[in-house]
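Same chain, two partners: subunit A is paired with subunit B first, then with subunit C.
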Partner chain A sequence: MSFWEYVGTRHTQLLADTYQHASVVFQCMVLATLLGMLIGVATYRSEWAGSLATTSTATILTIPSLALIGLLIPIVGLGVPPTVIALTLYGLLPVVRNAIVGLRGVDPALVDAAKGIGMSRAARLLRVELPLAWPPILTGIRVATQMLMGIAAIAAFASGPGLGNEIFRGIASLGSANSLNQVLAGTVGIVILALLFDAAYVLIGRLTISRGIRA
Partner chain B sequence: MTPRGSGDGAGPGGGRAPDGHGVEGLAHLDDADMAERETASGEAPLRAPAAGARRISWQKWTFMPAFLVAALLATWLWFRGARLDSIAHQAVDNGKVWLALRQHIQLTAVSTFFVLIIAIPLGIALTRARLRRATPFAMAVANLGQAVPALGLLVLLVIWLGIGARSAIVGMVIYAVLPVLANTIAGLRGIDPTLTEAARGIGMSPMGVLRKVELPLAVPLILAGVRTALVLNVGTATLATFGGGGGLGDLISAGIITQRMPVLILGSVLTVALALLVEWLASLAELLLRPRGLEGTN
Partner chain C sequence: MPEPSGTSTTTPPAGTTGARIHLENLTKTYPGSHAPAVDNVNMEVKAGEIVIFVGPSGCGKSTTLKMINRLIEPTSGRIRIGDEDVTDMDPVRLRRKVGYAIQASGLFPHMTVAQNIALVPKMIGWSRARVASRVEEMLDLVGLDPREFHGRYPRQLSGGQQQRVGVARALAADPPVLLMDEPFGAVDPITRDHLQDELIRLQHELHKTICFVTHDFDEAIKLGDRIAVLRERSHIAQFDTPEAILTNPADDFVSGFVGAGAALKRLNLSRVRDVGVVDFPTAGIDDPLQDIFDLLRNGSTNELLLLDRNRRPYKWLRRGDLARAKQSLARAGTLVTDTVTRDATLRDALEAVLTDNAGRVAVTGRRGEYTGVVDMETLMNTVHELLEADRLEALEHQHQLQEQRHRETLLAQEGLDTGEGGAGGAA
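And now, the complex of A and B:
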């Protein structure tokens, strides 16, 4: 069976897996972005809290994903819970780090000016600092999403959802006629998803980066 | 990926790694690492800069090994007390744990060696005047390569080249070459052009400029690339088990498939400890091998 025939006959299964893959990565990324920005906002002013946040999230990123999932299984069981926890943890680092770098990089004179025209602390953060720090944060989100695409494939080994299942079905039937098609379909699907997400981020950048700082 | 990655990433994730491990992300990882180091050296501002040139805050550098020893000891004590049935015994008896650990280290060392001898010369070649037009192309390929999942790449190579450690190593090399290459190119391109012009002006040959000016200045970024490669490879080596390549992934997958939690936890803890140890050693090397002339700049 050629690859295209395989894709033709299995397209319902493949589309379902693709949808689940995209959905789990998207949801975990939303969670990681919210948590990461909260951590960034809470720690960027203090030297040691900021470096504690980046060091600890960097340590999580050093841990191989299969091992982290392996440590989560005895605690939360198989399936969706270890997948979501692992993906969210791995998604945190680039967001936290870029949020701290971005917020610290905001020109103090601008924050001072905002204070001078009577803006409250929250207004300064929401209307001056965060919009200025948004481009690096968005870059962090982009990098994290691409990374999560590959990690989500590995999470399928712990019965997680998504295209990784297609790859593991191929591994299970290694040597059979369809194994190459299955692995190829899973891998190509993930690459396509990663590129689509990347394109979406370019679009989001166009729409959300404040007009004043757009290059 | 990472980190790196890590990454990154990087990894290294972050990373790609992580790692993660996108290329842009790795640049950010390095920024923050340098900021971290600045704070580390800022703890004793009164000492003369010459005397404290290689100052390393010892708490920072002894914390990780102490933590790892404690974690490994606790796991070992717990594992000895855990009740193992025959299936669990089959997974860990006859020195299988040591074998897996040794295979893992071998996979990581061999693939990192190949990554370095491919990526660094290639990075140097791509920044020479004659090939400079190919640089954006190489960077685009490196960025695109980040989108390919490590698992899919590895399994495709297993189908193509057959089961075993060789396919795993080829996959790991391909996966880690791209971030290291991107790091090397970025390092060499980031060098102030007035410096290379000055070197040429005093009559240095192109080879002399490369050896005496460009490479020493790019050492920090190249070393960051080495660390990225090591961290990425320790992580990717866990996936070698899916292609019969051995390594600590064997213990993890045996634990998951047979539902034997002690085996799973032992495999995972050993993998995590190895990854953290490798990262620690690499960042130590990064700090000690930095050229003395660059100490002041960072």
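And now, the complex of A and C:
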């Protein structure tokens, strides 16, 4: 069976896996973005808290994904929970780091001006600092999403959802007729998804970054 | 050169006058340093006055300014604006009533010009329609065409335009007090000169109380009603009118800051309308040729100024030119190349007189019409009179100060007599 025949016969299964892959990455990214920005906003003002946040999220990233998911199984069981927890944790670092760098990079003179014309602390953050720091933060989210696309494939190890199942099945039945097709289908699916997400981010960037600061 | 532009139909001055600012024993000590950055400043800024804080960098002038809107919280002392003590007021509420303009404009790059200007009016809860019309009005006030600049982003503006928008934003909610922290420090000299003229014009219309920080003494002389020369830790070395500081610097520090050429700088402070403008024989371009000839031939003068139909200076005509004139004036005489307005500074006038080969310049009114002539002699005489008057005033002032100091030492000595006895020793 050629690759295209394989895809033709198995397209329902493949589409379901692709949808689940996209869905888990998307949901974990939303979580990671919210958490990451909260951590960033909470820590960027203080030298040590900022470094602590960056270092600890960086440490998480150094744990091999297979090991992290394996370690989570005895605690939260199989399936979706370990996948979501692992992906969210991995997605944190780029968001947190870029949020801190972005917020610290806002021209202090502008913050001073915002204060000087009578903006409250919250208004300063929401109307001046975050909009100005948004381009680097969005870049962080984009990088994190690309990373999670690949890591999500490992989730199949813990019976998680997504295209990883296809790859794992192929690897498990190495030598059989369809094993190569299965691995290939899973990988190509992930690459296509990643490209689609990236295109979406370009669009989001166009819509949310003010024309006044767009490069 | 300042000229009335077409925007005089904006806000009526009623209700837009400034408020008095009173600083009492204002001190700022940063944690971790025992010497205060600003030490015990006492100052009163009158309503509707421009006061310039000038001093070397690091003297605390900016810190002092930022304590007025409490961007920097004073360690001790009181701040009063109008009749209100604002030292313990909610700083956010205070700052909405005090305009603030900084170097390099401080505009938010992600907002349009209109959004930037609308910020404060929106925050204090103006209706949408009122904010919109106010934005147009402010753009008009600072000399930018609302239709053209409304939707632009700051990066699409030149430095000077950005600074104008910065001033518009600071004034948008019509605050009685305006604080300006080296606002023109980052623009080129020509633009700076224009912006300074604009500010003078604005202040003529609005009568705000303005505190302005700069390290440029010439800027201080040009803009200030009064100048506070500050030395380290914001100690006031001298707080007086520009004239007084130029002619009678309180000490070596101030005279060092005034720099060379105080007499020349003094010329910036007087306007042509303050000096005697002399009358000059004139003739209209439509006058019969014969009349003009007669005027020159038997008059006491050997030169006259020919005016065009709108009574604007057109040509200098000498007796000698008549020989060449024949039947028409078209080729006779020298065209008037330079005129000064009644609002021009004496320095501008001197410049024009020096460039003119006969040493005089025509003075024009609002619409460019002839009002008189200034020549070297009048200029010299006025300058001498001015300097003499300044000197007398300064002497009197010094005398008063000495008397006061003398009285104070006397009092002090009386108080100390029972103590060590040997105190005293006046300066």
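The criterion applied here is as follows: the second predicted complex is superposed on the first by the 215 of 215 C-alpha atoms of A that agree within 3 Å, B and C clash if a C-alpha of one lies under 4 Å from a C-alpha of the other, contacts with A are read in each partner's own complex, and residues count from 1 in each chain.
Basically, a residue touches a chain if its C-beta (ideal position, glycine included) is under 8 Å from a C-beta of that chain, and two chains touch if they have at least 3 such contacts.
Predicted model only: the values in this text are computed from it and were never measured.
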Worksheet item: If you stack the two complexes on chain A, which partner ends up touching A:I137: first (subunit B), second (subunit C), both, or neither?
Response: neither
Discussion item. Let me test your reading of the model: by the given contact rule, A:G170 touches which partner, first (subunit B), second (subunit C), both or neither?
Written reply: first
Item to complete: Name the chain, either subunit B or subunit C, that contacts more residues of subunit A.
Response: B
Fill in: First, second, both or neither for A:S179, with subunit B first and subunit C second
first
Worksheet item: Thinking of the overlay built on chain A, is A:V95 touched by subunit B (first), by subunit C (second), by both, or by neither?
Response: neither
Worksheet entry | Partner chain in contact with A:M29 - subunit B first, subunit C second, else both or neither | neither
Practice prompt. Would you check which partner chain A:A67 touches, where first means subunit B only, second means subunit C only, and both and neither mean what they say?
Written response: first
Discussion item. Output check: A:A53 vs subunit B and subunit C. Expected answer is one of first, second, both, neither. What do you get?
Written reply: neither
Fill in: subunit A-touching residues of subunit B, taken from the complex the two chains share
1-22, 24-25, 28-29, 31-32, 35-36, 39, 146-153, 155-156, 158-159, 163, 231, 234-239, 242-243, 248-249, 252-253, 255-256, 261, 264-265, 267-269, 271-272, 275-276, 279
Discussion item. List the residues on subunit C that touch subunit A in their complex, please.
Written reply: 69, 71, 92-97, 100, 102-104, 106-112, 119-120, 123, 153-155, 169-170, 179
Item to complete: Would you tell me which residues of subunit A are touching subunit B in their complex?
Response: 47-48, 51, 54-55, 58-59, 61-68, 70-71, 73-74, 78, 90, 93-94, 97-98, 100-101, 136, 139-140, 142-144, 146-147, 149-151, 153-154, 157-158, 164, 167-168, 170-171, 174, 179-180, 183-184, 186-187, 190-191, 194-195, 198
Response to the item:
Listed in rising order, subunit A residues that touch subunit C in their complex are 109-110, 112-120, 123, 128, 131-132, 210-213
